[in-house]
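Each of the next two complexes has subunit A plus one other chain: subunit B in the first, subunit C in the second.
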Partner chain A sequence: MNKTYKIALGNLSKLYGRINETQQIYLPVRRGGTLNFEKWHESAVVDLHGLKTTNTPKDLFLPQSEDLYTAKMDGTNIEIITKDFFDNAFVIFGVKACDIEAIAVMDNIYLSKHPVDMYYEARRKNAVLVSLACNAPKNACFCAAFNIDAANPKGDVATWILGEYLYTQAQNGKGKAFVEDIMGLFEPAEADDLLGLKAEIAEKAQSLPYSKLPLESFTGENMMKIFDHENWDFLHRACIGCGTCTYTCPTCSCYDIKDFDKCSGTTRFRCWDSCMYPEFTLMAHGNNRLTQKERFRQRFMHKLMYHPMNYDGQFGCVGCGRCINKCPVSLNIVKIIKSLGVEVAENANA
Partner chain B sequence: MLDQEKTFEPLIVAFCCNWCSYAGADLAGTSRLSYPPNVKIIKVPCSCRVDPIFMLRAFGKGADGVIVCGCHPGDCHYSTGNYFTRRRFALLFSLLDFMGIEKERMRLEWVSAAESAKFARVMNEFTEEVTKLGPNRRLMDIRNLPEGYEELGRGPHREVLDAQAPHARNIPSVVKIEEQMKARATKLLADGVVDRVLAWKAGDHETMPEPAFFDHPSQIENMVYNKYCAHNLSKYLMVAPWLGGKLFDGSTLIFLKPCDSYSFNQLIKENLINLEKTHIIGIGCGGTVQVEDLEEVGMWEKCGVCTKIHHPVGDEIIELENNSPRLDKNARFATVEAIEALSADDRFAFWQSQLSKCIRCNACRNTCPVCNCKRCVFSNNKYDMASKVNATEFEEQLFHIVRAFHVAGRCSDCGECSRVCPQDIPLHLLNRKIIKDINEFYGEYQAGQDIAAPEPLTSFDLNNDGQAGKN
Partner chain C sequence: MQMPDMLIPQVGVVTEIIKETPDVKTFRVVNIKGNKAFDHMPGQCAMLSIPGVGEAMFSISTSPTNTKYMDFSIKRVGVLTEYMHDKMKEGDHITIRGPYGKPFPVDTELKGKNILFVGGGIALAPLRSVIHYVFDNREDYGYVDILYGARSVADLVYYKEIEKSWTQRRNTNVYLTIDRPDDEWDGNIGFVPDYFKKIGFSTDKVVVLCGPPIMIKFVMAVLLEMGFKKEQVYTTLELRMKCGIGKCGRCNIGDKFVCMDGPVFRTDELDHIPNEF
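And now, the complex of A and B:
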């Protein structure tokens, strides 16, 4: 069992400042009315009590846009200037259990198979993940459906807010080294203090309206049945084809590679892409998904079928509920799971 | 490495109309009148050809000042082109000023073919003025900065003003209306008057109704209408080109809340709706609420200041029993006025802080009823303005200025852009600023109210449109 420490909430800014001396620290900051992970500075409005950030921690590993290299023309010579890999240690503080799990999904996509994505790897290697248990999961949360424990978040270091204190436990070697480094600000605490809180969170998470979803049917053998299901015809109907769900999704990982022409040279960069856009994977022959129905289906098939089939049953959704909150027309993955999951299961039993 | 200490030489881009101003520039040259070499002239067939995007991209690519020159009003080679230019740039300059971007960097001037001396004088003056302002950093793609130049004049993101104050107002019950709607929909479907119904379908949770089509009377029981039905349905009757799919051949019954009916009327005006195959029922609305985590947060800002009670279009109307008293019709401009009252630096900081949150999900564009181009200028992989790219703050500025400006005079202030924004950027304020300016410059105008009324940006007043600057 790892040792438990605590720090008074009032001293947290001291803690951030202390971490900031040696490495950058990103945490939920409220700016312009919105909660997002942002770099800490002394006047930043940190809000650890907010439930969900709009942007996800994936922004820090797969930035929305990232330069790859620059080609410079000098007469007939072309000089390629590669960009150094990211090499600054940084800390992400206050990541919720679902988002931590989402990083595991991203790790599978980018790191588990050869060749690994070196840009992602460089950022991932440099990060310390400090998770935070959700004291008050809300109705749109459905991490419990994916067996994610909101009371015991993973990451390198886990933290809990109990009363006026932030409790912390290192979860692995990296976390231990990190905690030892800032030990001076903490005082020892009893792990048992947290038992009540944990039980309370677990109970809350299980009692939320979407905590039990019919996921059993989403298995490899049902793939074509689900792909060809007639319900897609009306499920997609309200979709307006924006990229909100993909860009605020913690596990959406598609990107496009583009060039920026500076006249004096060209910078090649990559930027997020969304399967909801007609320009997604546009090729010389045009696009192979012609209507929004196909684009819409692709997104959910990827999360619920293709990803689990490729990665040992791990779903591409972690139940963070951002799509529930953010979709302009109230579509979301829960509606899809309920509509298809129930019907496919019923047909199998019949 | 460039030396920043060196005297600043501004880059001026001049868009000159082929018939007057370019000839004026030519004459200035042949008359040996000198004007600064900083001015780079781009010839256009008419000053009216200059899209705001031209100007913004010139700034993005490193221009420190942009000037548009055309024939004097009344002299346009195409009779009326410069009258449109005049209104368009009056609004654009005002919008950019609203966003804290220095107004002095842009100018509209009338230069005739004979006015070589005026051309030289204007260019000298403008260059001098821009030199005094220093390099353009507020509307500039930093990727275009030469190596060694620093990003100046932007400053850190900071809080200036809270633009999304919540609204408290009682929301009247619409249960009765829902019943009436269901009855009418069932009747019209059963009678074969319409082949399908466009309304809202109950979601898996009370707060989650979604826009839906109903093809059969038996499906109508799933229909709902309540305070969570904030979605504007207008656009679904237009096949949005990016959605693909086939055009529906039958007739449709559409339910429109008052604010939706204004945008729908605008679509009718733009010939995008086949009225013969549309049956419109206007429905009363007492306001809609914002939902987060399936819980009510408060009334949408757009509903809090809404004054639209009547339906400008509709075959039938189902009214709310007691329409609650509405606010003063100019209440919606309060936040715009609060921003106008700020200093230019604060206005810039406010919009920089807001727009930098943008993730370019395009929800604002795709949901906007009047963003109805067959192909959006941002659905473009060729240029450095593709819809998904979000590499610098300039791209966010460019997108949102252009988005707001492309619906100028057509926006009915339905507020959908701000409602759908996942980052809660108060995008509607840009549109409201334009609406306010239109009201002040060219007389009160409400898009979608009257399809016969001339639109402010495609009409003009021969004598009274001088707001674009010095004539």
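And now, the complex of A and C:
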């Protein structure tokens, strides 16, 4: 097992400052009532005790909008001017277990199949992920349903807040190199110090209301059974197609490619998109998902069925609960899993 | 040097614009040096774009055996295609990236077989790539039947080429039909599925089927009625695409991404995914 170190919480600013000397550091910063990953500076209000950030860490790997290249036009002549790939080392600090798992989902989509997404890859390989165990998961959290361990978050380096200390353990070679670099600020600690805290977190996570969900039916052989299920007819009804769930989801990674006309040429950029919008599939000759029911169903089928089918059973949901907190009409993936999971399982047993 | 990324196109030149029908033109494209932009296989597609207007996926309607240029036969239906039809001139630049998608299995499952091509309207464009490939490697394939239909004589894409070249090939039969009677037409009148039934093909062949969804549906019904199996029939799907590399999510149906797993599918594969195409 990797060595354990600790640092007094009071000394964390020193740690951030030290990291900041060589690379940018992003961590949960409170501003105007919201908590988000922001670049650290000396007067930033860092809050490691908050449960989850409003936006997800995906912003740092798949920015909401990102320029691809510029096409300079001279009459009808075109010149393509590419831009350099992102090349700044950075640290993202205090990522919860669910959000770390979400990055693993994105890695599969963007990096596991040829051709890889080179924009995502450039950011991803420049980043050190420092995770933080969740001391106080709340009712909307359901990472346990997906076997994600809030007490033992992954990432390159894992951290825990215990009493007045932040404990840390490198999780891989990249994390080890990172920890070695800042070792001077830490003191050695015992891994066993964390046992009590980990047991407490695990018990909390398991006792949350959505910690056990009927996910067994969401396997490839039930794809058409679930797709054709009559419950979609009422499940979708409240959906207003606002796309909030998509934007606050740590695994939603579909994008649009658009043009922005500047005087100097046309900049082609990509930006987040949502399968909940009718334009998502609109073609000149028609649209293959004409109703909100079809679009609504696509989003959940993708996360619960199609993604696991393509990636060895890995669900496209990590139970972060942001859609539960943010949906203006109180729809969320838990309702879908409960409604369809239970019925399909019962019918199979009948 | 920066690595080339699949989302970044190269600049191409439209060397020739050929008017095929009142709403279909063929755009001949080479790269800036005058060569073919990249290699491809029949059935694969490319992203064409005019910056500031739009970018869209089109099937390549020339065969890989053509090493000089690529043709794109394009119907005037949307923002980008209207621009290409109405404003574009020979010599204009265009951007091109690709190739994308899984091709027709011309060197495996189609090899050595008799092939029946069934097409309707603009859908002859992707079929032409396969047809040329078969003609250029004639000894690798058996008998070729081509059944093609359009709304009217004027709407038959590649009509001159069909009459002058395709009908003259050995071991090749071409059957044409139009929807409505026309004074200049002494051939068959009627829809493709009906004409198909009237001709009555034997089942000792593979079928390559492209056309509007409604035509595919009815031809499929006739094929099954005549004893063909779904495993013998290949078709293509058309969905909205942005990236072409299975990431942007638009063309996802079931566990398939049409830009990567398609656009060519054997029709029995389609039984296992939701009917959202």
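Operating definition for what follows: the second predicted complex is superposed on the first by the 344 of 350 C-alpha atoms of A that agree within 3 Å, B and C clash if a C-alpha of one lies under 4 Å from a C-alpha of the other, contacts with A are read in each partner's own complex, and residues count from 1 in each chain.
Just so we're on the same page, a residue touches a chain if its C-beta (ideal position, glycine included) is under 8 Å from a C-beta of that chain, and two chains touch if they have at least 3 such contacts.
In this text the structure is predicted, and so the values were computed from the model without any measurement.
When both complexes are overlaid on chain A, the residue A:Gly196 reaches neither subunit B nor subunit C.
In the superposed model, A:Asn310 lies in contact with subunit C only, and not with subunit B. Contacts of A:Phe227 after superposition: subunit C is touched, whereas subunit B is not reached.
When the shared chain is aligned, subunit B comes close enough to touch A:Asn55, but subunit C does not. Once the two complexes are laid over each other on the shared chain, residue contacts for A:Gly163 go to neither subunit B nor subunit C. After overlaying the two complexes on the shared chain, residue contacts for A:Cys275 are found with subunit C alone; subunit B is out of touch. Of the two partner chains placed around the shared chain by superposition, subunit C is the only one that A:Phe85 touches, whereas subunit B remains out of contact.
Common to the subunit B-facing and subunit C-facing surfaces of subunit A are residues 256, 261, 273, 282.
By the touch rule above, subunit B contacts subunit A in their complex via residues 143-144, 146, 157, 159, 162-164, 203-205, 208-213, 231, 235-236, 240, 242-245, 291-295, 353-354, 357, 359-363, 365-367, 379, 381, 384, 386-391, 416, 419-420, 422-425. Residues of subunit A that touch subunit C in their complex: 68-69, 71, 73, 76-80, 82, 84-85, 109-110, 113, 115, 117-119, 220, 223-224, 227, 253-257, 259, 261, 265-266, 268, 270, 273, 275, 280-285, 288-289, 294, 298, 301-302, 305-306, 309-310. Per the touch definition, subunit A reaches subunit B in the complex via residues 31-34, 36, 45, 51, 54-55, 64-65, 138-141, 209, 234, 237-244, 246-248, 256, 258, 260-262, 264, 267, 269, 271-274, 277-279, 282, 290-293, 321, 324-326, 328-332, 334-335, 338. Put simply, subunit C touches subunit A in their complex at residues 2-3, 5-11, 51-55, 77-79, 81, 88-89, 91-95, 238-240, 242-243, 245-250, 252-255, 260, 272-274, 276-277.
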